[in-house]
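Structures are listed in the sections that come next.
Next come two complexes built around chain A: one with chain B, the other with chain C.
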Partner chain A sequence: MRGALLFLLAVGAVAAVPHAVSSRYWLHVANLSLIYVPLAIGANVITGYCGMVSMGQAAFFGIGAYTSALLTMRLGVPWPVAFVAAGLMAGAAGAVLALPCLRVRSDFLSLITIAFNQLFLVVANAWLSLTRGPMGLPQVPRMEILGWTVRTEGQIFTVVATVAILCAWATTRLAASPVGRSWEMIRDDEVAARALGVNVVRGKLAAFAVGCTLAGLAGSLLAHSLRLVVPDAFLLDESLLIMQMAILGGLASVPGSVLGAFLMVGLPEALRSSDPWLLTYRPGIFGALLVAAMIWRPQGLLGARRAAPPFLRGASDALRRTLRLSPRHSTP
Partner chain B sequence: MILEARAVSKRFGGVSALDRVSLGVREGEVLGIMGPNGSGKTTLFNVLTGLLRPSAGEVLIDGRSARGQPPHRIARMGIARTFQNLRLFPGMTTTENVLCGAHGREDVSVLGNLLPRPGRAASAAAERRRAEDLLREVGLGDRIDVYASALSYGQTKRLELARALNMQPRVLLLDEPTAGMNDAQAAVLLGLVRRLQRARGLTLVVIEHNVPALIWLADRIAVLDSGEVLVDTTPDAAASDPRVIEAYLGRDAVPA
Partner chain C sequence: MDAGYLLAQLVNGLAIGSVYALIGVGYSMVYTILYLINFAHGDVIMFGTMAALALMGFGVPAWAALAAGCLVGAGLGMVVERVAYRPVRNAPRTVPMISALGAGLVVSSVAQGIWGPDVMSFPQLIPRGSVELAGVALPVQPLAILAVALALVAIGSAVLELTRWGRATRCVCQDMMAAQLMGIPVNRLVPAIYAVGGLIGVAGCSLFAMYFNAVWVQMGQLATTKAWAAAMLGGVGNFYGAFAGGLLLGVAEALAVAAFGSLFKDGASLAIIVAVLLLRPNGLFGTPVVARS
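== the complex of A and B ==
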């Protein structure tokens, strides 16, 4: 019942907004924020639900963008197919990267993802015959769905909002399922999870692959709505930003990730025209906010109760001790 | 034997935690394990459940070697356990904690849970009812859907028991179920364990320091000392065995 109501509300909003908002600029701000929604949700699956850290989400974002752009440009693949392929490619890349790390310890995964992000940039810049290097891929075709070509910002809104809603719906559904429960078990206590029959490596691998798939889907949206793919859109800074969205917006909370995306992409973008100070100082400002969150609200703004994974609880307690505050989490 | 350790040794560096331990439990039996601190009881549980690999010897489940099986697979073969210092999920409710025990019989594929499937809602509702029934059975009927972090110590012990029971285990290993409890609380909890064992025909392996309680609960008692099985016999025989008294109380306590 509540689900059906939310669904109707979402459909209504997707249909109404492009008509109600006449400013192309505001639609553009909304679109850019919405493209980051699957990214933030994906990072949240990895960190908020399963307790791992990925510092390379921008690379999977980029893999999705290049996959989708190249498939449509070089092979003439229809966009919806390229869109799905972008997600699968990024998800598969994530799984291949994660498997050897997870067999050892998931701490290694966070280090490896940083390296992978840099490696991705090297390849994107150097493989000229495929990516055209720093010049990027211009004139990426518009999104086209069953003969309907997506041209205006309003039409782009319809598509990116629909994708964002579907990603949010799918993640909410997964989180409430036995899969989501096993992710939370892994996050909170791996030993207990194992003793209860959870295949920890498989669970982590699934969470990581889902998170990367979502990033890949966002990459396809970016490529075909900006119609340009350049390596510089997928720098390590971008990975940190995505991570911050998930943490600051709220761990293990899908609405939190939506909030995070709008707060950290939409807000600076919206202030750009009058005075770009927020965009200029974004890393510093959101970095400071993240530290503040670690001290007072380690699960983020809309974060689920006790969703902060052990490493964040440890960071939070360490910061609180430094400030002579009492630690929030009794570390076992 | 449903679960059996056959000549299991476990060494940590130069320290021998278990030395050729052979022990088994039959269906429907309650095997009590006692022994002084550091005698290897918890290490034995960790080896039996696959958390530790034995340095020598092997664990058999239904007579088949469990060598190289990871803990989650051993759990799915029906070997459940509780932990000495509790490993609940404090951020989950009591009901969710018990539902965690159902993991082994649920569909945990990502696609399977995204795609619609007839009967999913019904089976989820059935699992929920089963979890609530288990909470009532262990005496937490008034704590359904309460956060686990809000429970008293005694209640958390019951919750962990309910979670392990929800695995519908063939053998349940209880690691000091009354640790940290006073005598009255311990008596109530062990009473519950015995009631559950009788009602469900459970096969139990129980580590317990309280000797009279263990004699009352167990069908058979094994005493570990310095990683070796000192005695494996009936409760009464174990209680009067001079070696047991010596291991627990020292040589001077043995009546001449």
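== the complex of A and C ==
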């Protein structure tokens, strides 16, 4: 019932906003934020639901963008097909990348993802015949769905918002399914999960692949709405920003990720014209919030209390102990 | 490809590898003790190097500026430990990792606010040029860098092997709780380890800056990958292993450049990380780490 109501509300908003908001600028800000929604949700699947940290989401974002742009430009593939292919490509890349680390120790995964992001940038800048290097791919074709060409910011809003809602809906469903439950089990206690027969490696791999697929889908949206793909859009800073959206918005909370995307992309973008200081110092400001959040509110802004159990609960207790200056602590 | 070119590449590789190792020591020691990937380390050592450069700009003698930069790195490492790690030391591993990253972002953002985002050049304190040795021309600067790095590692290992603090550190590496029960002041030792990591790291980062004649805010991030590849190759948690791993990585990169071109330089470190994870997860010289829950 509540779900149906939310769905109707979402459909109404998607239909109404392009007519109600006449300013192209505000629609652009909304579109950019909405493109980051699947990215933030993807990072949340990896970090919030499964307890791993990926610091290379921008690379998968980029893989999606390049895949989609190149497929439509070079091979003339229709956009919806290229969109799906972008997601699959990024997801497959993520799975291949994660496989060696997950068998050993998942905290090395975050290192590998950093290295992968740097490697992606090197390849994107150097493989001139495919990516045109730093010049990027200009004139990416517009999105076109069954003969309907997406031209204005308002039309882009309709598509981008629809995708964001579908991603949010699918992730919510997935998180409530046995797969999602096993992710949370792995996150909270890996040893116990294994003892209960959960296939830990497969679970982590699935979470990583889903997270990267969502990033790839967002990449396709970016490529065809900005109509330009350049390597500089996928720097490591971008990865860190995506990760921060997921964590600060709320771990294991899909609405939290949506909030995170709007707060961290929309707000600085909206203030850009008056004074760019928020964009310049965004990493530092949100970095400080990250530290504070880890100490006082590890579940993030909208994260459920349910999301903070054994996995995260220790943090604030540890702080209380520290403030009492008790020297007692155990091995990490 | 003649032998002289190959030899020069080898010396270059050893030099840059020793720099990776100096940076990697900080990561490796913290990981051994706290099972924490210290993502702020790269930014801390970048900040120290920037501070040294700024002091040189004010006319402070180079040696004093570098020493001060190292101290800035050490101090900043301790501050980061106090603010971002100690409150969450007992939390599950993801939590300190994220707060470490947040602290690193703050440090790099402050650095960008002070020094701007541009690439700056670093004074060439060790002259470039080459020296004739037994009929082969060898570049001077890499040899000097290698010598400095070897000296620092020798001092570090002497401290680790011979002093009370060194023994306490090795003890904490083995078992933190037991060490604490034996009366080792863990809450003083852990900041000290962060400080030493920052100190050696700034030294390594300054040599890195000199070698490439470039300092920029993001250099910490670049160093992170390389230093971790070095530490993992040698075996995380092994002081000498990190050094040997660094040298091997440097040589591997130099050879990859010599054989396939400069594009493959950064690929070499990623390939090495993946290969080590697949084939020998504990590194070449490491001992297996038992998983604790």
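The rule is short, and it goes like this: the second predicted complex is superposed on the first by the 306 of 332 C-alpha atoms of A that agree within 3 Å, B and C clash if a C-alpha of one lies under 4 Å from a C-alpha of the other, contacts with A are read in each partner's own complex, and residues count from 1 in each chain.
The criterion applied here is as follows: contacts are C-beta pairs under 8 Å (C-beta built on N, C-alpha and C of every residue); 3 or more make two chains touch, one makes a residue touch a chain.
Note that the structure is predicted; figures quoted are calculated from it, not measured.
The larger set of touched chain A residues comes from C, when the choice is between chain B and chain C. By the document's definition of touching, neither partner reaches A:Tyr36: not chain B, not chain C. Shared-chain residue A:Val191: touches chain B and chain C both. By the document's definition of touching, of the two partners only chain C reaches A:Gly51; chain B does not. In the superposed model, A:Phe116 lies in contact with chain C only, and not with chain B. Of the two partner chains, chain B is the only one touched by A:Ala170; chain C is not.
Residue contacts after overlaying the shared chain place A:Tyr66 against neither chain B nor chain C. When the two complexes are superposed on chain A, the residues of chain A that touch both chain B and chain C are 189, 191. The touching residues of chain C, counted against chain A in their complex, run 34-37, 83-84, 86-99, 101-106, 108-110, 112-113, 175-177, 187, 218, 221-222, 224-225, 228-229, 232, 263, 266-267, 269-270, 273-274, 277-278, 281, 291-293. Taken in their complex, chain A has these residues touching chain B: 170, 173-174, 177-179, 181-182, 184-185, 188-189, 191-200, 203, 206, 209-210, 304-307. If you check the complex, the residues on chain B that touch chain A are 49, 51, 70-73, 75-76, 80-81, 83, 87-92, 96, 99-104, 106-110, 113-114, 147, 149, 163, 167.
Residue ranges of chain A in contact with chain C, taken from their complex: 47, 51-53, 55, 100-101, 103-105, 107-108, 110-112, 114-116, 118-119, 122, 126, 189-191, 236, 240, 243, 247, 280-281, 283-291, 293-295, 298, 310-312, 314-315, 317-319, 321-322, 327, 329-332.
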